[in-house]
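Quick one: this structure, given as C-alpha cells, is what I'll be asking you about.
In order of appearance the chains are A, B, C, D, E and F, and numbering begins at 1 in each one.
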C-alpha cells in the first residue's frame, strides 16, 4: 500500500517532463493541420546525432567495464525480443479480421527497438540520477535483431504452409484465410485481387512464381538490420568511443546538444503519431488495443527478467529500466523498411500505424515514467 | 538520323529502387532515368515531401527508353511478376518516341 | 492484356497541390503521380531548389493516366476553369499510352 | 536639439551590429552571383528554432504575468494592422499603373508580421538592456491576422464591385481598369489575356464562373494564418513555455543557439532581398517607394499608440519598441501563401518583391535601430 | 480548341542547367519544365539523392512543349552540338501531344 | 637521428585524433553498405559553418595585423599552385593509358584547396598550441585559383594543339592519342566514339564546331572560383570579421560548434572516399599512385618554401604548416564543377576519384600530422 502510493507519486511527477511536452505539442500541431514542419533532412540528422551520442558515451565508458556482466542481460534481451513476436502472433494474430502476416509483422516491429525512445529514456533516467552500466544502451541490437528475424522467419513459414495447403486444395482454409482479411486495410489485399471498382490488368498474364518451400535466409536479415541508419549510428558511436579519444568533441558538441535535439525529435514523433492515426483506423481497433497494451506488457516482462539479473549478477536498477524501455519501445526508423522487404505481403499501414500512432507515444508517455517510478520505489 | 523507341514508365515504391534497376540492366536496356515522386493509387497515398518516419515508402518513377516494344514489355512483366503482388506500382508505355541524340542506343 | 489509356499532364503552382488532387479524385481517375518541378513559362520563372522565402511558389506536375480521353479533358477543363485565370499552369495530354500493369485501372 | 543629437548618436551606434553585417553580407553574396547557398531545409529549421525560442521565453515569463495589461497594446496592434491596409490601398493603390488588388495585397503583407524581423528586434532590444513585458512578442498575431484578413476582404469587395460594374457594361470603367495594369508585372495579367506574342488556348472554352456577389468567409483566413509555420512555432513555444517546464532545454539549447541562428537567417534574408530585386523592378518604382517609406511610417504610428499605452497603463518602453517593430516589419514566410490563396488575382511578384527586396531590409537596417534609439532618447 | 504539339525531352548534367535553358529560350520555345533526376546511361551512374561531394554531377531533365517538330529538333541539335561530345545526355521527342490549356503557346 | 625519433613520436601521437576517427568511421560505414547518411543539405551547411568560422576568426584577428608580412607567403602560395599543375602534367600525364587532359585536370584539383582539410588542419594546429598568423588561412585563394586557372589554360592549349595537328592530318599522332585512352574510364571517351555495344545517334549529323585556335579567357575562371560556395563562405567570413563586430556571435555560436561540425564533415568525407573508390579503380592504378604520393610531395614543397619565409621574414612555424596543408589538400567541393566547366573533355571520374577517394584521406591522415610533427621537431 505504502509502496503503491510511493510509486504513484513518483510516476505522476514524471509526466511533466518537457520531452513529453514536445511530444504532445507535436500531436496537437499536426491535429490542427498546421503547416509547421521539421524538414526530413533535419529529422534524419537529429536521429543520427542522438544515436551517435548514445553510442559515444557508451563506448567511452565501456573501455574499462567488465563486459562479462553484460552476458545475462543480453541473453534476456534476445529472449524478450523473440518472445514478443510469439505473443503478438498468438494474441493479435488470432483476432477476427486480422491477417496473420500483418499481426506477425506488427509484433516484429514492437519487438524491435526505437532509438528515439531509448534516447528519451536515457535522458530521464539520468535526470533521475539512476545508476546504470555504461554498456546498457548496447543491449539495443540484442533485442532489435532477434525480434525482426523471428518475425520474418515466422511469417515466411506461415505463408509457405498456406501455399501448400492451398495447393492441396483445402478450399475451406482459403475461405477462412480470405475471410480474415480486413475489408479496407489501406485498401490493401483487397485491391490486390482487384475486387473493388476497377480491375487489375497485366500485359501477359505473368506467371505466379512458386515460392512454396523456399527457405528464408537469416543472415541477410541480420545484415539488413545492422545496416539500418539508426543502428549504424549507434554502433559507429560505440566504436569511436572505444577506439578513439572523442572526449573533447563529445563534451563540446554531442553531449550539450543532446537534450535539445531530443525535444525536436519528440516534436516530430508527435506529428508523426497524428499523421499515422488515419492509417491505424483503417486497420481496425484490434491493432489500437494491441498497440496500447503490448508496450507495457513487454516492458514488464523485460523488467522482471532484468530484476532476476539484478538479484543474481547485480545488474543495476538503471540497467533494468533501460532493458524495460528497450522492450517497451517499438521501432519507427529502421524496422519498417526491413519488414517491408522481409514480409512484403504484410500491410505496412497496419504495423507502422500501430507502432507510430500509438505504440511509441504509449512507450514515451507511460512506459518510461512507469518503469523509472517502479525502479525507484523498489530501490527504496 | 533519328531512331524509333518505346518509353516504358514504371512507378513503384522507393524501396525497390535497386531491385528494379537491376532488372532493367539485366534485360539489357541502354539506360534509365529515375525520379522521386509522390502520388495516389489504389493502395494508399504515398508521403510526398513532409517528413514521415523514414521516407522508404515514397515512390520512384523509372523512365526507360528501349529500342523495341518487346524489351519494354519484358522489363515490365519481370518487375510486375516479382513485385506487384506485394508492392504498389503501375507500369505503362508509349511506343511512338523518337530518340534524337544519345551516346549509346 | 494491355489497355489503351490517355496520359494527362498538368503543371501548375505547388500551392494548388491539394485542390487539384481533389478535382482528379472527384472526376474519378484511378490515381495520379505528383512531381516537384521548376520551370519557366509565360509568367515568371519558378524557383527551383535554391532557398527562397517559402517555396510555396515553385511548381508541381501531375501525371494522370485515364481510361478515356474524355475523363482527361474533363479534369483539365475543371482545373483550368477554377485556377488558370489567376495561377500559372499548363495542361496537355497524350492519348496513345498503354497500361501494362496496374492494381486498378 | 539636445534630444535630437542624443537620438542620432544612439541611432548610428546601432548600425554596426553583426546582425546587419550578415544581412548586407547576404545581399552582396547574391549580388555577385556566388554559388553559396543556405539549403532550404536549414532555412526552414532556423526559422522554427528562432520562433519557438521567442515563444518559449514568452511562455515561461508569462506564467506569472498580469495579462490584463496586455489588453490595450493588443487593441492597438489590431488597429494598426487594419489601418496599414487602408493606408496602402489609398496611397499605393491610387498610383498610376498600379493595379488596385496588387496594392491591397502589398499593404496586407506590410501589415502582417515578419517573425525574423521580430527576432532580430528582440535581440537588439535585449542587448540594449531595454525592459519589456514577457508577453510583448505575443502581440504578433494581433497585428498579423487582422492585416491579412482586412486585405483579403477589401480585395474581394473591390473585385466583386468591378465585376458588377462590368456586368452593368460600364465600358469606360473597363478601359480605366485595364489601363491601370502594369505592362510587365511579371508578365502577369497581360499574358492572362494572351496579348503578348503567343495566344492562350483552352480545350473547350471553359465557362467563366460568376463569382460576383460571393461573400468572403473570414474564419478560414484566420485559421489559415494560425496554421502558418511561423505563427504555429511561436504559439507552440508559448504553450510549451506556459504548460510544461522547459527551462532546462531552453537554457541548454534554444537560448544559446538563438543569436547564431539569427545571423544565419539574416544572411538568407539578404540573399533573398537581392534575388527578389528583379521582380520588384518589373512592377515599377511606386512599389519601391512604398516599400521604403511604409515600414517607417507604420512603425511611427505603432510607436505613437504604444506611447499612449505607456503613459496610460504603464506599457514599458521596450514593449513600445516591440509594437513598433511588429508594425514596421512585413511578412516574408506565412503571409505570401495566405495572400496568394486569398487574393489569387494579385500579382505575387508585386507584393513579395516589395516586402522581401526592400521592406524587410529597411525594417531591419533602419526601423529597429530607429525605434530603439527613439525609446532610449525618450527614456532619458 | 486544342493544339497539336511536340514534346522534347533532354536529360543531361545538372551543371548545364542555365546553358540549356538559354538555348531553349533563344530558339523561342514558349516555356520549359525542369526536373531533377538520377539515372544511368552509357557513361557513369549519376548520384541520386545521397550526399556526394557537390551534387553538380547529378542530372536534370528538361521537358519542352513546342508547337512544331522543327523547333524541337532545332533545340535538340543545338544542345547536342554544344555539349554532348563532352557531357552525358540524351534527347528524344514525342510529337503526338495535345495542349489543352496554356497561358501562351 | 635524435631529430628523427622526436619527429616519429610526435607524428604517431597525432594519429589518434577523433577527427581521423570519424574519417575512418565514415569509410567503414560506407564500405559495409550501411544506410546511414548525412543529408546533403546538412553537409552543405556544415561546410558553410566551418569556412565562415575560419574566415571570421581570420577577419577579426587581421584587423590589427601587418598585411605586408603576407606578401612573401602569398607569392609562394601562387607559385606552388602553378608548379603543382605542371608537375602533374609531366608525371601523371606521361603515364601509359592516362589521357593528358585527365592528368591536367587531376593536377589542377590537387593544386586547388580543400576547405575541409584546411579546417581540420587548423583544429589540430591549435590543439597543438602552434602559433600562426591570423591571415594564414587567407592564403587559400592564392593557391586555389592559380592552380585551377593554370590547369584550364594548359588543357585548352593542349587540346587546340591536338586539333591543329589532327587538322594537319598527322594520323600517327591520332593513333597515339587514341591509344592513350583508358579502356573503361567510366566508359567515358570510348562511348563518346560509340565503340562499345550500342552506337550513338544524332538527329541531323550536327556539325563539329571548330574550336581550334579559340583563346581561353582567364577572368571568367577566376570569377567562377571566387563564386564557389566554399571560397565565398571563407571570404564572407573574412569581410564580416574585418568590417563588423561579430565577436559575440562568433564566441557563442560559430566557434563552439566548430570541432563538432568538423567531425561530422570528416564522417562524410570518409563515406565519400569509399563511394568514389569504384570510380578511381575504373581509371587505373596510375591515378591511385599519384593521388597517394602527390599530396605529400606538394606539402613538402610548400613546407620548404614556407621555411624560407620563416627564416627571411619571420613567417611563423604554424603558418608554414598551414601553407603546407593547403598545398597538401586537394579540392573536393568547388574545384570539380569549375574543372568540369573549364575542361569538359576531361573525365570527372578520374580527377574526383583520385582526389576524394585517396588524396583527401592521405592529406588528412598523413599530411597534417606529418607537417605538424615536422614543425614541432624543427621548433625544438
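Keep this in mind: a contact is a pair of C-beta atoms (placed from the backbone, for glycine too) under 8 Å apart; a residue touches a chain by one contact, two chains touch by 3 or more.
The structure presented is a predicted model; accordingly, all values stated were derived computationally and were not measured.
J.: Do the two copies chain A and chain D share over half of their interface residue numbers, or under half; same or different?
T.: Different, since most residue numbers here occur in only one copy.
J.: As a test of understanding: of all chains, whose mean C-alpha position lies farthest from that of chain C?
T.: Between chain C and every other chain, the largest centroid distance is to F.
J.: Measuring between Cα centroids, what's the chain most distant from chain B?
T.: D
J.: Centre to centre, by mean C-alpha position, how many angstrom separate chain B and chain F?
T.: That gives a centre separation of 38 Å.
J.: Which integer distance in Å separates the CA centroid of chain B from that of chain D?
T.: Using C-alpha averages as centres, the distance is 45 Å.
J.: Enumerate the residues of chain F that touch no fewer than two other chains.
T.: Those would be 37-42, 191-192, 196, 198, 202-203, 257, 334.
J.: Spell out, as numbers or ranges, the residues of chain E touching 2 or more other chains.
T.: 30, 35-36, 42-43, 49, 73, 76-77, 80, 94, 96, 99-105
J.: Which part of chain C faces chain E closely enough to touch in the complex?
T.: 8, 11, 35-43, 48-49, 59, 61, 73, 76-77, 79-80, 84, 88-96
J.: Of all residues in chain A, which touch chain B in the complex?
T.: Where chain A meets chain B, its residues are 37-40, 42-43, 186-188, 191-192, 196, 198, 202-204, 206-207, 209, 268-269, 271-272, 275, 279, 332-334, 336-337, 340-341, 344-345, 348-349, 352, 356.
J.: Would you pull the chain F residues touching chain A in the complex into a rising list?
T.: Residues 16-18, 20-22, 25, 28-29, 32-42, 127, 256-257, 259-261, 263.
J.: If you look only at chain C, which of its residues touch chain B in the complex?
T.: Checking each residue of chain C against chain B gives 5, 7, 21, 25, 30-36, 65, 94, 96-105.
J.: What residues of chain B sit close enough to touch chain A in their complex?
T.: 13, 15, 42-44, 49-57, 73, 76-77, 80-83, 85-87
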